[in-house]
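Some notes on the structure that comes next.
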Amino acid sequence: MANIGFIGLGNMGGPMAQNLVKAGHNVSVFDLMPAAVQQLVEAGAEASESAEQAASGKDFVITMLPAGKHVESLYLSESFISNLSESTRIIDCSTIDAETAKKVAAGLSDKGFSFIDAPVSGGVAGAAAGTLTFIVGGSAENFEAASPILSNMGKNVFHAGDVGAGQVAKICNNMLLSILMAGTSEALQMGIDNGLDPKVLSDIMLQSSGRNWTLELYNPCPGVLDNVPSSNNYQGGFMVDLMLKDLGLAMDTAQTSKSATPMGALAQNLYRLHAQNGKGSNDFSSIFEMFSATKS
Amino acid sequence: MANIGFIGLGNMGGPMAQNLVKAGHNVSVFDLMPAAVQQLVEAGAEASESAEQAASGKDFVITMLPAGKHVESLYLSESFISNLSESTRIIDCSTIDAETAKKVAAGLSDKGFSFIDAPVSGGVAGAAAGTLTFIVGGSAENFEAASPILSNMGKNVFHAGDVGAGQVAKICNNMLLSILMAGTSEALQMGIDNGLDPKVLSDIMLQSSGRNWTLELYNPCPGVLDNVPSSNNYQGGFMVDLMLKDLGLAMDTAQTSKSATPMGALAQNLYRLHAQNGKGSNDFSSIFEMFSATKS
Amino acid sequence: MANIGFIGLGNMGGPMAQNLVKAGHNVSVFDLMPAAVQQLVEAGAEASESAEQAASGKDFVITMLPAGKHVESLYLSESFISNLSESTRIIDCSTIDAETAKKVAAGLSDKGFSFIDAPVSGGVAGAAAGTLTFIVGGSAENFEAASPILSNMGKNVFHAGDVGAGQVAKICNNMLLSILMAGTSEALQMGIDNGLDPKVLSDIMLQSSGRNWTLELYNPCPGVLDNVPSSNNYQGGFMVDLMLKDLGLAMDTAQTSKSATPMGALAQNLYRLHAQNGKGSNDFSSIFEMFSATKS
Amino acid sequence: MANIGFIGLGNMGGPMAQNLVKAGHNVSVFDLMPAAVQQLVEAGAEASESAEQAASGKDFVITMLPAGKHVESLYLSESFISNLSESTRIIDCSTIDAETAKKVAAGLSDKGFSFIDAPVSGGVAGAAAGTLTFIVGGSAENFEAASPILSNMGKNVFHAGDVGAGQVAKICNNMLLSILMAGTSEALQMGIDNGLDPKVLSDIMLQSSGRNWTLELYNPCPGVLDNVPSSNNYQGGFMVDLMLKDLGLAMDTAQTSKSATPMGALAQNLYRLHAQNGKGSNDFSSIFEMFSATKS
């Protein structure tokens, strides 16, 4: 069993850390919210009073933080680094831009520490169930070393490439996801507008070349699938505002690499218009509502 | 075994008629191209000298024609209708607009004949292998009557709804397909531009929420999958010009129903720009090349 | 002074016919709505009981009808044509597709009658003030013959080319107009979102390369200009639904000519989404509201 | 006459500094390229060996640098600031992001120095002719103080608002410009595809609601206007790559303020696709070529 410092116990980090505890690791946790720490302590983790303390002398340090600036300010802080033991391996599960991941990796490498970026997909439900997908960027050796730990929190662990590649792969996936969701929504609604039953149309497209993850597992039209956000008033799931965060990272990435992403850029703007209409906290499949509004 | 008149023996209609012959039906065929008729005769069909003759007194008349105007001028012709027997059932497999399908159905109904629209997906390869998907619009009774015949040419036969619904469902599917292909292409290329291996990125997205038919079975990036057009110089498959025909029908449909289809409209325009660059006869997955051109 | 038959006395046709009366012409009018006819009679026109009667033996027949089907069914009707005198010149001011204009012109030409398409821009206010712009398609001779009459209803009369060219030019203009309006709206709102005063930003862009008709004469941001729809709750002006009609014609035109119009197609879809939100009867500058909704 | 330090003597900065010399100011210049410095010395400026030296003890320091990082590293450098005299006023004419402008202004303000952002429009020709437009962000007092100097280099000097507002206004304008250019190009080409003469169509739209700066002064279709890049093989003018730089800033700005800019995002992606085809160094009106490629 490993000694693990876990920093960032939000909707995702909390259940992830719990799964590490369940797997038998010694987990020291820190979060700015005392209640989040308390919940983990009740699950069997050890409370730390600071990020430094949580990380001190551990085999692995895992972070799940909101944005690149938090990751950077933590890992490039002298006081933080000075608390690490020589053999500490660092795993950042936050979704941030690849440039920051590379910068942090370089900074840590200068001090002799290894770093992998390991953003996740699968959402809050996946975090709780331990079925997340980890998409890892880093050296093969660092990937191998971290894989057993990540496997305690998820069922798929992919090696996307060198440091930063985890972030790039995740953001490519999520940009594509936004396109699938918007495209599936408008195709379903066009069918409905022309008299089709959305369930029948979904079944047909699932057996045809329109098949995709959103149509199959996350149908945006209410009533087609049970147990998805669209059948629950678009509550739960993956919020529009979080999709917008990822699309922002995707557009930054495209800008850096001069990649043309017309479909992704349009999806981003549709989501922005949707968020402006007060839908930011709804599940991202609620983009369907943008298309299903009453025709004049 | 049924007596079948088959009109329209092009790239799709030819092999479809052959499969009916193989299944043991008596098939009378007509096409404006004598060579196409000759090929079917060699396979065991009977040549007709006109569409009227092919249809005369048959149990089923099946058409596979290029556009709505051909379907309309055939089925609304007095001389053609006068050759039908009282019990003839009409199946149109052409991809046309739903309005024309409804108009033809109404015209035939006035004379006492039944009609279903049964457009296909699966391409030339599916037509030859008998693995097409039929998407049928028409009454339940007409659907039931035609199903055994359609099953001789395909492996899936769906009932989408009333007359015209087959066309609508197919066009919804193909619009979505164009979005999946364009979106997948730009996501893969953004990954490549940022140092990822397209095969690794494809594998990751196939296990994640970016999964879709194009990524899985028709990857547009050369070298990721064998035996797909992208690994064969974008030859074979489903031509850009045919995708543009379907997107034209989709946009007409959206206009009639006042449906907003921003993603589909953008995909259409990307395909138009691509066709203008001389790619109209290439497979539609070649849209990937639009994104993979050298960055400046 | 000429003898003129005027058919179609709606929001546009009514004041146009009035201006012909004011100019001293003998104007016989017809409309399906008796009240519209009555209004013209009070202005000095002569009431007709049918389109045929209005057109009978006139120097000019002018139509202002809602759509291509109305124009086609009128001018390709045998009974209508048989009432025309040999020298009657036909002027259609309706906004319809160029294909129908050409078809009607060919049908009339077969019977020996001349036709020009002369769609207008300038709106209801321009119709009343006699300041419309006419964009004419037809032969030079027919253009010359009609110009004096058109000049009684407008201040600009352009010769765009052969029959149908008037419709094409108008639709190119209005597609561009929709792009200017949507683009100006999002640019102004981006400025506002970043702390700029929309009036100051408008003034700056008017002196810079962002200058355009919408910014200068039809500013979509409330309060920047007086006497424009945006400063009157988006009432009056050019309705979203009418812009959508023109964008529909534009997209049909693009489809026929295989033209790529990505910006126009996006503008169309933004207007569709806007209309779905109940804005179809508002002025088309209200697209600004789509962008100015509260940010989350 | 003022003592002015001018740093950055590229295609824009060089002629701008020359106009200050012509106006009679004492101008000390610095650039990393000795040839650029030499050219100014021949025009009557004084060469400096460093940015610090050029700025030392001056009334005004003016910079024209490629990107925000250059502006930031210069003005937030202790050694640079220590050379300024107490009364030095700083004017940055570079086109950079508003956030960096604000950050630099705040840093300088802490040391007691005033700063305005004063990006320009008008291009290389405008810089040479002294007809640039300056769009200024800063306090009213700082704006007033700088105006006479800016007027020596341009004919319009606008006050957009507080620090950063100059950058925002310029970027709003240039985003709109990209939309006007792309939209005008596709409208003109749709007309051409349907048989219209682009000169006739341009004349008509100039008198109608499609009027805009690009149509009037910078027509993208070769042969319509003389003395514009489109009639000179798209050489000279404002390069596609520079438009892409500005669109990158616009999209960053939109992201920060959560503004929806679907038209601007699409224009950006069309320009990216165009640049990938090797057009990055051509004038930005060459986007017309994207639409005018031969139809299949």
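Worth pointing out:
The letters A, B, C and D name the chains in turn, as written, and every chain counts its residues from 1.
The rule we apply is simple: a contact is a pair of C-beta atoms (placed from the backbone, for glycine too) under 8 Å apart; a residue touches a chain by one contact, two chains touch by 3 or more.
Keep in mind it's a predicted model, so treat the numbers as computed, not measured.
Between subunit B and subunit C, the least number of touch steps comes to 1. Same interface as A-C, judged by over half of the contact pairs sharing residue numbers, among the pairs A-D, B-D or B-C: B-D. Measuring from the averaged C-alpha position of subunit A to that of subunit B gives a distance of 38 Å.
Inter-chain centre distance (subunit B to subunit D, centres taken as mean C-alpha positions): 51 Å.
In subunit D, the positions touching at least two other chains are 258-262, 266, 270, 273, 275-276, 290-291, 295-296. Contacts from subunit D toward subunit C in the complex involve residues 98, 121, 133, 135, 156, 158-162, 164-165, 168-169, 172-177, 179-180, 182-184, 186-191, 193-197, 200-201, 203-205, 207-214, 218, 250, 253-254, 256-264, 266-267, 270, 290-291, 295-296. In the complex of the two chains, the subunit B residues touching subunit C come out as 244, 248, 251-252, 255, 258-262, 265-266, 268-270, 272-273, 275-276. Within the complex formed with subunit D, the residues of subunit B that make contact are 241, 262, 266, 273, 275-278, 280, 290-291, 293-296.
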